[in-house]
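Starting off with a structure, shown below.
We just call them A, B, C, D, E and F in the order they show up, numbering each chain from 1.
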Amino acid sequence: MKFLPISFLILALATATALAYDPSPLQDICVATDDLESGVFVNGKFCKDLKQATADDFQFLGLNTLGISMARIDFAPGSLNPPHTHPRGTEVLVVVEGTILVGFVTSDQLNNTLFTKVPYKGDVFVFPIGLIHFQLNIGNTYALAFSGLSSQNPRLITIANAVFEAKAPISADVLTKAFQLDKKVVDYLEAQFWYDNN
Amino acid sequence: MKFLPISFLILALATATALAYDPSPLQDICVATDDLESGVFVNGKFCKDLKQATADDFQFLGLNTLGISMARIDFAPGSLNPPHTHPRGTEVLVVVEGTILVGFVTSDQLNNTLFTKVPYKGDVFVFPIGLIHFQLNIGNTYALAFSGLSSQNPRLITIANAVFEAKAPISADVLTKAFQLDKKVVDYLEAQFWYDNN
Amino acid sequence: MKFLPISFLILALATATALAYDPSPLQDICVATDDLESGVFVNGKFCKDLKQATADDFQFLGLNTLGISMARIDFAPGSLNPPHTHPRGTEVLVVVEGTILVGFVTSDQLNNTLFTKVPYKGDVFVFPIGLIHFQLNIGNTYALAFSGLSSQNPRLITIANAVFEAKAPISADVLTKAFQLDKKVVDYLEAQFWYDNN
Amino acid sequence: MKFLPISFLILALATATALAYDPSPLQDICVATDDLESGVFVNGKFCKDLKQATADDFQFLGLNTLGISMARIDFAPGSLNPPHTHPRGTEVLVVVEGTILVGFVTSDQLNNTLFTKVPYKGDVFVFPIGLIHFQLNIGNTYALAFSGLSSQNPRLITIANAVFEAKAPISADVLTKAFQLDKKVVDYLEAQFWYDNN
Amino acid sequence: MKFLPISFLILALATATALAYDPSPLQDICVATDDLESGVFVNGKFCKDLKQATADDFQFLGLNTLGISMARIDFAPGSLNPPHTHPRGTEVLVVVEGTILVGFVTSDQLNNTLFTKVPYKGDVFVFPIGLIHFQLNIGNTYALAFSGLSSQNPRLITIANAVFEAKAPISADVLTKAFQLDKKVVDYLEAQFWYDNN
Amino acid sequence: MKFLPISFLILALATATALAYDPSPLQDICVATDDLESGVFVNGKFCKDLKQATADDFQFLGLNTLGISMARIDFAPGSLNPPHTHPRGTEVLVVVEGTILVGFVTSDQLNNTLFTKVPYKGDVFVFPIGLIHFQLNIGNTYALAFSGLSSQNPRLITIANAVFEAKAPISADVLTKAFQLDKKVVDYLEAQFWYDNN
């Protein structure tokens, strides 16, 4: 079974991937660049010479060290942003158009409680850092939302992909025990195509 | 001289005001509440009992400890979000409708350089933490933008208000020297009405 | 299908649950206590009067504000610590006895790559903050490991529990689409008993 | 109108400019150096080889990663340290000689309240991070103060310079509306010489 | 043997004691107060009602949450600020009068290297966070210095006091082995008066 | 006088030395590497190309940016881990075998109070960040403990080494006054061999 794709546009460091409550900046700006020659990397990104920064940089690369990013999510009718986490960022979503069901689940210690809502247009909803959450377009028109995320690189772990499409696959012993599924079902799931939301 | 008002709705901790790269949360959620009895306060907000949290909390009060907030900015034609800072948060704005001029100025050490742009609809622009920035609707239709801010309480310092409408007023000696204005002009400015963007 | 239980003892704030790169302490010690009267809570825990601290506090409650905890994990032969995350802490595990298979999966952006190993006795292995990981006793004797976690309250999200045992259950629409399972299978899974690792 | 210059000596990373509650150091010392060859930069500064550090480094460059700096401020009679902010650092000033008027203004949300005082010799006064503040020598002798700042690179935004001397100039539309001034006055101000406190 | 006392005035949260790279503030100001009734404490200090803050608060109690403090050190001729650490703050000292010898020792991993200097009047010297350091007045006149510390509550551990004047005393077994001293010498030292620099 | 050596194995970034509540990671992993060519360093470590990471990296070098480390401590009968601090990390120790006396001393402001205990096998004990602490094997068999430390590089300052074996030696004036010892005793101590726990 598939789900209708959603269009997920990260309006931020488009070339980067993951985040947290980031370390503070130690200068006004630090526009991300790659240091192709040295072959080494740093926590975050290298910065280009401050004197070479331009206004255009502040649409993407200028987010480096600034602790936030923004995403645009377009939902076709019935489409799902499947259960996932942002390990290093809280997400606050605002509904601009349409009707979506949103929810998150707390940790084991808070009994895996589901908080769920259908926000009105213009409402926001918060998905606390690290918790599993999802959004589903339950209307019959397109829906549009924007999300702020509290890191330049919030990262994304789509649960189904991480569990059933890991490279290399997680051992069948682990998955059958963890999810109480027959090995045949696990094999079947690992053979499916899992939509890439990255 | 006045400017056309903008409508500025903080889609977040509506009862609070200002922020930074906030301290990390030490539990899943910490829904803000006031402790009316004790008469003391804490850095941030007290939290209500976790067991009493509801989904509705995650439109506003549930942002407590989660390090982010969202604002909606409606611009009437020609209206201005005047030069201001968010001392404790970076802002990333996305243009949803209309045509706005945005810009920020760097610190003295970077020569007070102005970075300015007219983003296309759907573009984002970043205003680094603590720097003076503004937005002006240069079109002849309404404009709409959403901004993510990297703190639950980014605070707002509108420069004109802080300088010319401080309570009590800043000494004339300071303002005349600082802004190279005659005392009469300073007195005049301190007598004006300054639009409250709070 | 079940898995053999493991014994999982949190050698730390036994009354609390999970954390991250915690805010710094602003005094030497801050032994956790509950403020039963005020009915409010704070980010983290209240502290008791410093003068009342005793050496015994530093086995559990004295961890408050100190940014770390320790867990002991006993594995019966064949038992599994199922795929889970610690949203707010990195875990470093040392194998003291036995033979366990360990692994973690990176985020979508790093292609959900599995890093897996069978450490020798005395070796350590690191599970980066927020990533899905697991341990499985692949030997035929008991295994023992200790884990340090980089927060006083690392929290625990067991993936299977959070997805299939949420209270209230996550909508079938979401789960069938997310995991490409028939509704019958989803219903079946939601009806199972999921071992409580808390 | 001009103001008598003050002498403002940053007793710290003299070659650098800006700050915050800085990221923690991950080693004892990290003496700042420039990496002239790579053409890239990092958040903060590169460090030289630890083995090459000398005691002299700990007058300036050794402040790198250490989260603090110190400034000396000499005030000629009547001179002003004009309204400015340090976006990334709190400042604590101690009056060593003379009589100065000090003050800061809170954010809009706290009604732009002015806190002002004439400290006695030996007293300190705190200017919270990100708020507009100033000092004025109201005596007829020289005054001397030292300030600690809670970042290796606090940055400085002099309000008048940032608003009226931005490069390129901020649009007249913005400034006339923001400050309720005639365009002629704005043009006049933009043509003035603004003392460089950097 | 005694040392000539120094006069050590903490120009900051006079009622508090110790620090770090502190958690960020979540509002403009948070003037410290004690909550006498509840009998509980928090990491840091409770704050009084913002509306009751006055300018006088910003000489001491207003430092709460602001991440910095200032100390004044008066040295009689020959007096010593004995080897000590500030566990949670870097110290930057400026010499205002006199001639003092300053120094710090790096960690074991950097071979306990001593960095030492006699700064000129007006010079600064940095003592990195957590390292053992000292100052000695080597002139024959009074010396005066001011120190900024990167925390509201840097704490102070005077090595001699902590080792030889702990309450209760550290076991003789530990001290004789640690310092390679006879038990008689250890007993003798534990019986001495150790000057209180607190 | 000597003490029986302990075997102290850092089960972590074996090539590095010191730490704190570390800055957050801005990507999933950042395996430490040296950049031999550039001759410069960064706060922490450079990272190798993410695509070249292997599972083996997560025994040591993969700890880079992940905010924790683990140590194994083997105690011969009667051996001592002498009074020391970890400037940038809290330590939580678990006793696996044997009988050890543990303790720490608070700061001057908390009156250098000693908290001491003989934990049972399986118990933990916490040594708060930056405070002087020690462990002594008081049994007549080998003891074994593991410690988690809340930083990738906690650093180690062995008090006796830092004070009496600094390179170059701390001035006799300082040590005689600080420790109330005759110069002969100081000279004697500085000539001893101090066991290297690094």
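Here is the rule we use: a residue touches a chain if its C-beta (ideal position, glycine included) is under 8 Å from a C-beta of that chain, and two chains touch if they have at least 3 such contacts.
For reference, the UniProt names are A, B, C, D, E, F = Germin-like protein.
Computed from a predicted structure; not experimentally measured.
Q: Chains in contact with subunit A and with subunit D: which ones?
A: Intersection of subunit A and subunit D contact lists gives B, F.
Q: Which chain is most remote from subunit B in terms of Cα centres?
A: F
Q: For A-D, find its twin among A-C, B-D or A-F: the pair where over half of the contact pairs carry the same residue numbers.
A: Looking at which residue pairs coincide with A-D, the repeat is A-F.
Q: What angle, rounded to the nearest 5°, describes the rotation that places the Cα atoms of subunit C on subunit D?
A: An angle of 180 degrees brings one copy onto the other.
Q: State the chain with the largest centre-to-centre distance from subunit E, centres being mean CA positions.
A: A
Q: Need the CA-centroid distance for the pair subunit B / subunit C, whole Å please.
A: Measuring from centre to centre gives 38 Å for this pair.
Q: Just give me the whole-number Å value for how far the CA centre of subunit C lies from that of subunit F.
A: Whole-Å distance between the two chain centres: 26.
Q: Could you pull out the residues of subunit D that touch at least 2 other chains?
A: Each of 16-18, 20-25, 28, 38, 42, 44, 50, 88, 103, 107, 109-110, 116, 129, 131, 155 in subunit D touches at least two other chains.
Q: Considering every pair of chains, which are in touch?
A: Listed in label order, the chain pairs in contact are A-B, A-C, A-D, A-F, B-C, B-D, B-E, C-E, C-F, D-E, D-F, E-F.
Q: For the complex, give me every residue of subunit B touching subunit D.
A: Touch list, subunit B to subunit D: 1-3, 16-18, 20-21, 80, 82-83, 85, 87-88, 101, 103, 105, 107-114, 116, 129-132, 134, 136, 138, 155-171, 173-174, 176-182, 185, 189, 192, 194, 196-198.
Q: Given the complex with subunit F, which residues does subunit C contribute to the contact?
A: Subunit C residues touching subunit F: 11-12, 21-22, 24-25, 28-29, 50, 53-56, 58-60, 62-63, 66-70, 72, 89-92, 94, 96, 103-104, 106-107, 109-110, 115-117, 119, 122-126, 128-129, 131, 146-150.
Q: Where on subunit B is subunit C touching in the complex?
A: It comes out as residues 23-28, 30, 33, 35, 37-38, 42, 44, 46-50, 64-65.
Q: Show me the residue ranges of subunit A that touch subunit F in the complex, using the header's touch definition.
A: My answer: residues 16-23, 38-45, 88, 151-153, 155.
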